[in-house]
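Below you'll find a set of structures to go through.
In the two complexes below, chain A is the common chain; its partner is chain B in one and chain C in the other.
Take a look at the complex of A and B:
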């Protein structure tokens, strides 16, 4: 039987400097590859994720599947350093973006998050900003000048599949859109800073089927330019959108870990582990 | 082709709504409880109205003597055949003390609130919040004593510096020393006194800022300060304004600390750094018991004036705070 480390490492120092210089970073290029190696996570001293080693291929869509509480959202948040925002959260292991350790010394959480964007379960546009301002919010944070802002707003909204619906009302508040539109606005906002990886944490679970399909189309459209990692509870969705799949499971009294990972066809069509077979065929979880 | 319906009751839909009778079948304990809170709630309003009525009723004879000059003249000469009295200088002083207090206290209070809700480590947060709330409970006489023995000797130097180097600002000009017992020092004390209450309300509002929007900002690469500026402060703006207005209400009515500090006299003008000055509540306390029957009536009229001012400020403040609370429900 596998034993897990029980003593958590010292907490990750949270980035509180707020200066946002580009010091110590060497990100460049287009879509990126993420390598997670031996990732462990704790909440208030309790181990919830153990020994996850997973590669998320460049320009591909990787789906993280598994029952609730198996640590897949925690894992996703570790990939862009959002895990450390939660009080009492700790972690061990390494995460590399194109070979560069995002937890390495001198790496800033803010800088990492600009390269590895995130879309959340619940649409969270800034309600007091207009649609256009929402799209440009990330640029404002990084104080990057965008060239032509109008072009960037149009390009980002087009990529997110929202441009046609909102092109005449860019000055309206982001909070005035429907739930599905808000989520696509959040995707446009995340894409506007030109991230190399986009993390999506059950992006469709609060949406109706039509909006869900729109977002799935968006995911397929953007996958060339940005690597996508998506957490989903919807098996059909995982099959429809992903190239690779990783099955997470937290068995009784054990922390979550990856049971099986590989090409989506294999995971769904011919899994090697019985537990994967049972899960993807809806026989437990 | 569109089909048009007359949506009014009994219109082309042909259905009228059936009357809904609210369920008034309360149990006995429920009825007792309802009546109890009703009486308590109405009691507060009745008491408030009674106080207002008492003040205007008892103070009105003074208004009949002085007329509107009560608000445009200053002084307290109520004995003799030709009484002259009024609260003009006291009103000016009240506003000046409150302005100094708000200018000094508001930034400190808001910074304290941001620090408590956003920056303090979780372990020490609770105890620090309790400490700030506790500061709101310190009696104002304590602040007054501390101010006159400790604050004032140390602030006179600042007053001197301001009057020397910034005298081109009318407020900092001094025509006659000394520089103690001034409106400025009274305003400083009141400013310190309002910090806990304003900070406490602001912190409460800030802590309600939606976690989803906070995470959205952080995930876009915002620094903590950028996140606060983008999410927390816009969200808490209404509550901040309300808190500041509640602090203003407190600053306008503060009596004892101001009375201890202020030099008195009916001088008025922009020269807040120099000795002397009066506020409405100080005017009432200092002159209480002097001036005979007409004097008492004049003081009650002054009290009514202050009552109306603070009531209006507090009503405005609470309506703004309430509006911001309902905004807290907008969870996107």
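Take a look at the complex of A and C:
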């Protein structure tokens, strides 16, 4: 059973098309802003995340940092309703995409996920599909007509910085790529459905430095068109790519919380909380 | 060949230490490997690329072979003396078993003396699993060869696939000219096809329920029921269909009734195997699909099942193999017929297992021949089905039509020595 938001519905008409409007085939659609308010999360009755209130600004890159097990992935998955896929998972609080509560009555998870895409830690291209089919998978799944498919494949792969490497191999299976290429293919696949927000859970942790830099460039390139929320354990990466930063921490026997959030320069250069200072300077635990 | 230092085992010392030093003086080649290397200032024709002789560390060496051969021989002699001379037992099978046991014991003892106990235990375990593998191959070859040997000489190919048994009379000396097993081939194909068409989608749906949808108590109950169902004796499946549908007059004896009984047998085995196959599909793929906005049925249909395709095909093959030779459930349902009846919905229908059943014990040689011919045809059908299914289930890269490299290809690519380019000499 999922505990839904107790906050009153936001002052937005009951218009589902507020989420579902058509953005055409170019990438010039607008990014979205996410407001998380008082988010709590439980796994099988155990509270792992308490009272997270955080705004992820439109067209900006927000980095979530913090030690292992503090609930960053859980929070990220709450933002596109992937949390409820886990059996026994519950949550409270509200998450709004451009003002519309994604957990509000009548909101379907599928619809939400189409607008808030996700890239996972481990590259997971669909092994039974070709590279081109992988890119188009999201559209096929949600039966959205794509206009010209070839253009979309090229545009998405170019955005993800993979087009040059694979343009002659579009018919090969997705699993035939290297790990870094697979991850960029996953980014292209997520971008092809034109999400307004892209969530990335340690997207570079399995990759070499070169691929990591490629993906960071990709993130910067796409940031005007899609809001990016990225979880990373790499402090340099957080500094390189993010505009805003939120430090999560789960102190002993307590659920995870946001200790400090703000502009990346502030968090890294002049944090107000001693624990943040310790963590970003590598003096933690 | 140098002697290994005492206590140190170099399994293939002949390769690793013997061949390299002796070869170098015998053929003078430039020490460099690159072609076109200027030696002596003049541009020579490209020197042949010399690669070191590949060795396989840990490969079986002469000492190992000697140990095993000596163990086998001495076990043979020892057991022969004990078995036939001292205790005067008889029987070839008992002798073989004792020989094998003695062989294992001697191998272990010898290896542990010459090398060490860990290696001895490892080697005995290796021999056991090799024996199992070879035994399986032997059994299969024996069955196939035996049936072929008994069936083929008496086959009249023009009649076998074109005639049924309506003119069967055991006293006729030219019987096999005008009697075949057509009615049984048609019956078996129809029954198995119908059972597969009904059973496989049902089984896959159940497996998807168990693995993707069902949670907690209901799924556990279904799983238990399916497992129990796979323990149903096949004759019970036949009796069940008979008493429910035929005895009550709902259905005639017919191919369709037979296929219903076969579904009861097919369903649990395919369900369980498909469930296992779906379970190994990484959950990351499901999450990736869901996070793209796919509904759950789409995720299963377009991601999970295609990823597991070759395993699902194997499951279906196992199921078909399971039912194609089932005899007991057909007795009460198809009933068997000597006359071709291509309509599976009404009237008795023949089946290859029933032909085998009713002719194997006959007194006349010609009927026994027919039984073996039916067995031969049944085996061939299974073989053809398997080859076809494997052929069509190969994972293919769709656009380029290039078959995806199999695991064996990958192994070959990594472990085969690089081909040596021959220079035109």
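The criterion applied here is as follows: the second predicted complex is superposed on the first by the 255 of 285 C-alpha atoms of A that agree within 3 Å, B and C clash if a C-alpha of one lies under 4 Å from a C-alpha of the other, contacts with A are read in each partner's own complex, and residues count from 1 in each chain.
Note that in this section a contact is a pair of C-beta atoms (placed from the backbone, for glycine too) under 8 Å apart; a residue touches a chain by one contact, two chains touch by 3 or more.
Given the structure is predicted, the values throughout are model-derived calculations rather than measurements.
After superposition onto chain A, partners chain B and chain C are found to clash with each other. In the superposition on chain A, A:170 contacts chain C only, with no contact to chain B. Residue contacts after overlaying the shared chain place A:99 against neither chain B nor chain C. Legend: residue contacts after superposition of the two complexes on their common chain; A:193 is shown touching both chain B and chain C. When the two complexes are overlaid on their common chain A, residue A:124 makes contact with chain B and with chain C alike. Applying the stated contact rule after C-alpha superposition, one finds that A:111 touches each of chain B and chain C. Of the two partner chains, chain B is the only one touched by A:182; chain C is not. Of the two partner chains placed by the overlay, neither chain B nor chain C lies in contact with A:209.
Overlap of the chain B and chain C interfaces on chain A comprises residues 80, 82, 85, 87, 110-111, 113-114, 117-118, 120, 122, 124, 126-128, 137-138, 140-142, 186, 189-190, 193. For chain B in complex with chain A, the residues that touch the partner chain are 119, 122, 210, 212-213, 215-226, 230-231, 234-235, 330, 332.
Against chain C, in their complex, chain A makes its touches with residues 80, 82, 85, 87, 110-111, 113-114, 117-118, 120, 122, 124, 126-130, 132-133, 137-138, 140-142, 170-173, 186, 189-190, 193.
Here chain A touches chain B in the complex through residues 15-20, 80, 82, 85, 87-88, 110-111, 113-114, 117-118, 120, 122-128, 137-138, 140-142, 174-175, 182, 186, 189-190, 193, going by the rule given at the top. On the side of chain C, the complex with chain A involves touching residues 215, 282, 284-285, 287-295, 298-299, 302-303, 306-307, 309, 395, 397-400, 402, 404.
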